[in-house]
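Each of the two complexes below includes subunit A, the first together with subunit B, the second together with subunit C.
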Partner chain A sequence: MSSTDLIIRKEDLGTNPTSRVPICLVLDCSPSMSGNPEWGAAVAQSNPTPIEALNDGVEHFFRSLHEDIVAVHAAEVAIIAFSGIAQGIADFQSLSRVDSTPRLMIETNHGGTSLGTALSLALKKLDERKAEYQEAGVDYFQPWIVLLTDGIPTDDTHLAIRADLHKRINSRRLSFFPIGVGQGVDLRVLSDLSPNRPALRLQGLKFNEFFEWLSRSVSRTSQSIPGEEVPLDQDGIKGWGSL
Partner chain B sequence: MKAHLKVASGFAAGRSHLHRQRSCEDYAISYRARTQKFACAVLADGAGSKSKSAHGAMVACATAARLLENNGTNILNDPSAAGVSLLHTIQTELRRVADEQGEPYEEYGSTLLFAAIYRQKTTWNAFLGQLGDGVVICRDHCSCRPVFQATNGEFINETVFTTCVHAHRHIQTLLFSGSGSVGFLLASDGVTPSLIDRSTGVTSNACAAIFSWVKKHRQSVINSAIQCNLEGVFRENTFDDVSLAMASYL
Partner chain C sequence: MATSPVVSWPSPLDKGSLDRLAGNYYIFVDTCFVMHRLAERFFSGTLPSVLLNRQTKLIAPLRVIQEIQKHTVNPQNRDSAIVASWIVQSYRERGLMEIRGEKEDPFADSLFLSLFQRFRTQANLALLTQDIDLSQEIMGLNDSKAVLSRYRVDVFRLSPVGLCPFPLSRSKREVESPKTSKKTERNQRPSPSKPLFKPSVLRVIEEAVILPMTEVPSAGNILVGTGNRQIRLGPILARGGEGTIFATSSPDSVAKIYHRERLSMDRKRKLELMVENRIVEPCLCWPESILKNRHQEFVGYLMPKAMGAPVQQRLFIRPIFQRTYPLWNRTNLLRFTLGVLKKIKILNDHNVIIGDINPNNILTDHETSFFVDTDSYQLEGYPCEVGTINFTAPEIQRKAFPTFLRTQEHENFAVATLVFMLMLPGKPPYSHQGGGDPLENIIKKEFSYPLQNQSNRKTPEGPWRYIWSNLPFRLKEALYKCFREGQRPSVSDWIDHIEHYLHLITTTPPTIVPTLFPSHLKPVSNYAKSKYSIEE
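Right after this comes the complex of A and B.
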């Protein structure tokens, strides 16, 4: 080609935002995550405590995504901390705009593990974010909910949300990753909420390994193309989880 | 000035497929009859997770081009039935190929975009169609616009393919006529974000640039330019495979 008018200039291309992968981390911050048996931990753990390991893991997750040239623009992470209540501690936003990772604190004022309350809030936040994407003309992948808990639900709220979760998961409108931490968790309860993927148990406090795997999964999804199935890295799961 | 039909097309593997050493699953062809009375551009984007989708895309394009040329009269008489009939013939051909190769039919799925121009003495009829994602852009009276809304699902990685059971419900077609110059540009979803602002539907300057080549350059030059820009410019804007096809009357 000899004519310069035959080369399209980069500035003449459309500039659409990267397609988003919304991820909601639903993290148990009940007193048992302190590792203190007096506060309900199944086994005493002090160095690091589960909450410290979880914070390190979340920080590792953000750092890994930051290092991925595509995922850093595609992934949007919200965090919900829960015990007897649930509250958002980080709203969805592009990681490229996040300077510091939010730190999780043990919720000492509200004991208990209200799983359903936390998952309801996660679904609400995901729906709100999807509406914002639609309004702004931003394409997006199926949203993810990643649940990490070390306890047994202390109320029945999870039963009320079970049908909604199943409906979304079965119609491929939601990817749900329920993960149990420690020996006090009942994986059957978590698996009952997840129709096509059994709950996994974290090996010890391998939060870093889990979040490393999660960031790789986000990266692969963010680079997938229409019609493409993105299988989970099953070998990678062996590095942090078990059935 | 004597009116001309010009066509061009190209496709290239995206960065994701290059990284994984997989071949391109987009396919695009363009054809102009020697009589200068018919021209078409056809583009198909193979389903990402299907092992034979590159082959399926090729079969869909070849079958559509053949039908568009041979069935002009029927198409112009009943364009809405023609779209479904065209899809049905592609599905029959895909089933035949799948049987021949001993593979499941669903593995051959792809999207489908086409634009056919039927020229009379001083006027033309254009038959356009779209199944699934990607975009058909029309240029006439000095302005560019997308013709159809893409039939995507809610999520970016969902769309409708030729092998879907309900594909016939989703194929969109349009017939229109004119006498002035007109051009149609087909783009796969890998190229679409470079050509359209998703929030407004406004086309980028790249569309006008491509259409401007029709006036100035020979068809073979346009063909080379499309391939060169797919590999050098559009591919850098996406991870997906990239393809373009164009048909114009000037």
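Right after this comes the complex of A and C.
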């Protein structure tokens, strides 16, 4: 990140008093998301391919939040794309300062699904942002991690951060939403990382429906007060997910 | 006194003046007016169309209706009483008159006087009466120096030529006459108006009784309000956790229709109590009528329509604030704040505790504030069942709101928080550097803005410390003592502080900067420099 970005990020913390909702999207961009069985997809899928549907969904998410005058000043969305490696595509900052939605690409150079690498990068980024909130004296809601993956982990990194995740979730310092995509995913692995909320499976490629629900949840949270329990819209989940 | 009416009648009100009267006044009718021999002609004239056009109603106290009924058995006045009843009935059927009040109300005369005394600082009031003594007492209110009001009180009577204003208040003559001067004196004595609600203890609800709703109202449905008034639901305006807000066939009113599972017997009783004891105040969206569906089931209520948008969405996000009100400076913000405080005071004076004061149920339409979600207000034994952390006093944090009644002290904490968040638009008083959880901050009273040389050096970054620095000292001191030491000013104290602030800004030259978001600390006076040995 350039130093100008950092200055803008800090300036926004100073001038915008709205309590923040930090959301980290951790998105699987491994070759199987291309929908091509030769690249590891469990079922062949095109028009749209999973990655196209995911991009549409993320765009829909940004657009919906921009339509909510409070949420757009409260929500801060970071995106981590991962396969065998993990990299930050967008950093936390108030959405009111973001004009374009980042596009995700299939990671063709690195196969694999390193869940733990991606999640620990997400936790690190959240911790950094929380420190910035505290330094500026800005209130924030407990951060969210939304994980979307279509594969089975190809390493054991997720076992190493399991305890850290559990601790944060149980002490209500983190909301974790693990979502499986397609038939190749093992929901038991995801649920094992999430002590109070089982992993859900996305129905087909209903990314749009999922992100619509997510943006509504963010809007609702941004209308509440940090520290308050915001009940999830359980009925809404039926529109895109199943156990 | 009824012996010396002024000889020549002033000219009667034409349709335009009648229309202005209907549009700008609450109009009350007295018994003798409806029973007057000219009443039938007057009431069947242009008045109905004027009232319909203005979507307003005449107000008849219950006491007046009872007096008319009494006269129907009195052989002397029987005929005019029957005509009067017919007028009342036909006006009510057409939604042109509403009856307010209680059986225990005093006689109509003293009732009008106390009503007008109480509400004349809040709205323009008109009385239609033939009673000269009463009219003089009422008109005398305009001359009262005890209370300054920007609103008018006017009295009208029937004459052969039509509806005429009562001769101007003859206050000069009254002073000369010993009898009337005594009256004036009595009117000027500040009479504490009787609160509409009684202090009470928490109602004990054994078990919530959920009322049936066999048909959920939707747009286009016709509902029945008080006095059989028919209300057609328009399009949905908003959806909330408890219910849905609809536009209605009455352009100045909206309907809140509860979700099925939210319709409890207790809620109905509370709303009935509120409708029977309406606090009539401009821009206060107090329930005006219970609404029932065609199965006679309680489904919601009608209330005045609010304008503008929630404070949270207009004033508490700086870029939107500056885009919405680009010409505002602190003068506007202070006037808005004063309006909010005065409304809170009126409510509190009636023993109503808002409880859930927050920036989403106070709306801003420029400097005018609207209060919505009034059905959650705490009154008599009904607690306010909701609240938010930032506006909840430390001693009641983590307590379940439905299980106790809030006190004025609790309300004062919420008011102080609101004042702070309006002065530093959107910034909660306890947000500070290194502060984590807002609830912890409130309980620990970790208020982090400095007073003189007292500071914990955790003031939030950005414009907040500049705004704080530029507030008048008196206001800073009050906020500091409130949030650090728990000495909570009353609503009237805050009104004083804000008026003082407004005075400092508007005197020439202003001693305080009027900028909304100043970018510098307040220049330190030489006196302060020497007193606190500050070096620049």
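Before moving on, here are some points about what is shown:
The rule is simple: the second predicted complex is superposed on the first by the 224 of 243 C-alpha atoms of A that agree within 3 Å, B and C clash if a C-alpha of one lies under 4 Å from a C-alpha of the other, contacts with A are read in each partner's own complex, and residues count from 1 in each chain.
The rule we apply is simple: a contact is a pair of C-beta atoms (placed from the backbone, for glycine too) under 8 Å apart; a residue touches a chain by one contact, two chains touch by 3 or more.
Computed from a predicted model, the values in this text were never measured in an experiment.
Look at A:Gly14: by the touch rule set out above, it reaches both subunit B and subunit C. When the two complexes are overlaid on their common chain A, residue A:Gly236 makes contact with neither subunit B nor subunit C.
In the superposition on chain A, A:Pro195 makes contact with neither subunit B nor subunit C. Between subunit B and subunit C, more residues of subunit A are touched by B. Of the two partner chains, both subunit B and subunit C are touched by A:Val70. In the superposed model, A:Asp139 makes contact with both subunit B and subunit C.
Within the superposed three-chain model, A:Ser96 lies in touch with subunit C and out of touch with subunit B [touch as defined at top].
When the two structures are aligned on the shared chain, A:Gly111 is found in touch with neither subunit B nor subunit C. Judged by the touch definition given at the top, the superposed model places A:Gly84 against neither subunit B nor subunit C.
Residues 10-11, 13-16, 70, 136-139, 223-228 of subunit A lie at the contact with subunit B in one complex and at the contact with subunit C in the other. Listed in rising order, the residues of subunit B touching subunit A in the complex are 14, 16, 45-50, 53, 109, 132-133, 154-159, 161, 189-190, 193-200, 203-206, 209-210, 212-213, 216-217, 221, 224-225, 228-229, 232-234, 236-237, 239-241.
On subunit C, the positions that touch subunit A within their shared complex are 312-313, 316-320, 360, 388-390, 424-428, 431-439, 448, 458-464. By the touch criterion given at the top, residues 1, 3, 5-16, 19, 70, 130, 136-142, 173, 223-229 of subunit A touch subunit B in their complex. The touching residues of subunit A, counted against subunit C in their complex, run 10-11, 13-18, 69-70, 73, 96, 134-139, 223-228.
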